[in-house]
Amino acid sequence: MNHKTGRNVKLGKNIAIGSDVVIEDDVVLGNNISLGDNAVIRKGAKIGDNVIIGYREIKPGQDAPAKPLGTEIGDNVKIRSGSVIYWGTRIGSNSMVGHNTVIRENIIIGHDTYVGSLTMMEGDTKIGNYVGINAQCHITKFCDIGDYTFIAPIFVGANDQAMSYRRRAHGQNLVGFTTEKYVRIAIGVTVLPGVRFGEGCVVGAGSVVTRDVPPYKVVMGAPARVVKDAPREEVVR
Amino acid sequence: MNHKTGRNVKLGKNIAIGSDVVIEDDVVLGNNISLGDNAVIRKGAKIGDNVIIGYREIKPGQDAPAKPLGTEIGDNVKIRSGSVIYWGTRIGSNSMVGHNTVIRENIIIGHDTYVGSLTMMEGDTKIGNYVGINAQCHITKFCDIGDYTFIAPIFVGANDQAMSYRRRAHGQNLVGFTTEKYVRIAIGVTVLPGVRFGEGCVVGAGSVVTRDVPPYKVVMGAPARVVKDAPREEVVR
Amino acid sequence: MNHKTGRNVKLGKNIAIGSDVVIEDDVVLGNNISLGDNAVIRKGAKIGDNVIIGYREIKPGQDAPAKPLGTEIGDNVKIRSGSVIYWGTRIGSNSMVGHNTVIRENIIIGHDTYVGSLTMMEGDTKIGNYVGINAQCHITKFCDIGDYTFIAPIFVGANDQAMSYRRRAHGQNLVGFTTEKYVRIAIGVTVLPGVRFGEGCVVGAGSVVTRDVPPYKVVMGAPARVVKDAPREEVVR
């Protein structure tokens, strides 16, 4: 319970604070919040009710690491109510997480990015700056999402071609998807393991993407095929 | 903390009540509930654990409105645990909201309607009476959903043809979908911006709907096409 | 408040315990937990923050049963934060439930099975042993899921061909899906009422399954069709 708290911090009720937690100036914490060991909440961040920061999952037979990984919530980040942020995750300044969302371990999120409500991020993923991942998406493990990527709601990506759960190869050969900059993915899209989305490409609603998408092309359908060029002028911020 | 409470109200623990809140007779509130300023909870409503009513999001640089919009939960409405109802939303009598659902601002829901668990409603939408919106649906902004509409689980609607997030046109030209009366939409359906569903039409499972559906027709596929007439006798309540 | 508690039990804050609850040895309960009447938490189970066990829904005009159905959480089961387990549900030993998941009434889950985060299970369903149901799935009522079944994220099954909500046939002729052993269902799959998945079959990503799948076949597409044999050697644990 050895933690540092800055000035002008507002604390709600029933806040559980682990060891070596840092809460910087102007932070606002709601009610029923848990901050795990080594969590850092940067200046001006706002954490909603019933949020868990730095949740740590120890698997049966596993020891906790000697030096626990911290969780860092950047300046002015907003985490809405009911969400869980696992340990070893970092969220850059001015980013936002919606309600009832689950962000697992070792996810690095850039600045000015948002992750919508009811989204699940499985862990071990890097997300750039100015990214929009909308509500009810499923971001599998081992993805790399480039700056300015936009992913519309009800998206799902896979990382295991063999669906080997409970089989001999379980946990091997996992590979998520990669997006370069300026990618736009419409609602209801399904993506197979290892797909690479080229810079500025666009994926139509309801598509099932089975192979790489070239830069500045529009693909759609199941399986998704190139139907035309994607306009370059739209990608400029 | 200036609020009125009726007779025979049951209150759980850890209830945070804003200013000018009204709680009518026979209301049941669980534990860890937050009622925002100007919220009205009508007679006999039941609010589950960890629910937030009248959640108010102030964006950076924005002031709160001079006169806060209230949130109204109608007679005998049931809101299940873990859900968030933003301010400026009204829910009619005998309606029901599932668990861990998010209903954003300025949504007007009729009476005898239900919204399933883990559903996300983005805001600025009108929903009629006797409507069923099932679990894990995504209802985008600016929709109009007619009486007796049924939407099965894992539905997603879009409102921005250009996916212009972080681009120049961001937030312009948004248009949701509209359903007339008696519309039935099966599981796993994806709907593009601006689609109008005619009275009594039926949409098959897994369809991607890209244009208007005529009244009393069945459509299916990706893109969805008319395959036959929808039986009129089934729509009668 | 007549309950039995074993040895070496760790209890968080704000725990509400109903009548005739049993908490066995070595159980860990987090904060803000509710255990309904007759709930049994077996040896070594871990229950996360904001979880509700044994949630009981009484419909208007309905009486509670004379003898309430218990809810049983098996040895070493882990229920993560924000989830709701209704009454009359049993979860076998070493199984796991993710965050913010809803498991309704009368669901029997085997041992060594997991149910992912943000998943909705509607009730009256039997699930075998060594099953994996991933995040953000929708398991409708009246399903039977065989041992070693794997269901990837964003799955949806229906049980009412007529979508008869608010119509005369409402609640009649409901039939879910059945999987035999070793079935593997990829991401983003949609399944119509009454489908039977044969032993060891594989369903491709984004498929819409409208009829039974033969054993040891791979199906894909919308509607899904057999494309090749599924390898038998992979099913062995």
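The first chain written gets the first letter, and so on, giving A, B and C; residue counts start at 1 in each chain.
Here, contacts are C-beta pairs under 8 Å (C-beta built on N, C-alpha and C of every residue); 3 or more make two chains touch, one makes a residue touch a chain.
Note that this is a predicted model, so its numbers are computed, not measured.
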| item | value |
| --- | --- |
| Chains partitioned by contact, chain B not counted | one piece |
| Equivalent interface positions on chain A and chain C, same or different at half | different |
| Centre distance in Å when chain A and chain C are each reduced to the mean of their C-alpha atoms | 25 |
| Contacts with two or more other chains, residues of chain A listed in rising order | 14, 32, 50, 82, 100, 118, 136, 154, 222 |
| Touching residues (chain side chain C, partner chain A) in the complex | 13-14, 31-32, 49-50, 76, 80-82, 98-100, 116-118, 130, 132, 135-136, 148, 150, 152-154, 184-188, 202, 205-206, 221-222, 234-237 |
| Of all residues in chain A, those that touch chain C in their complex | 14, 16, 32, 34, 50, 52, 55, 60, 82, 84, 100, 102, 118, 120, 122, 136, 138, 140, 154, 156-158, 162-168, 190, 192, 208, 210, 222 |
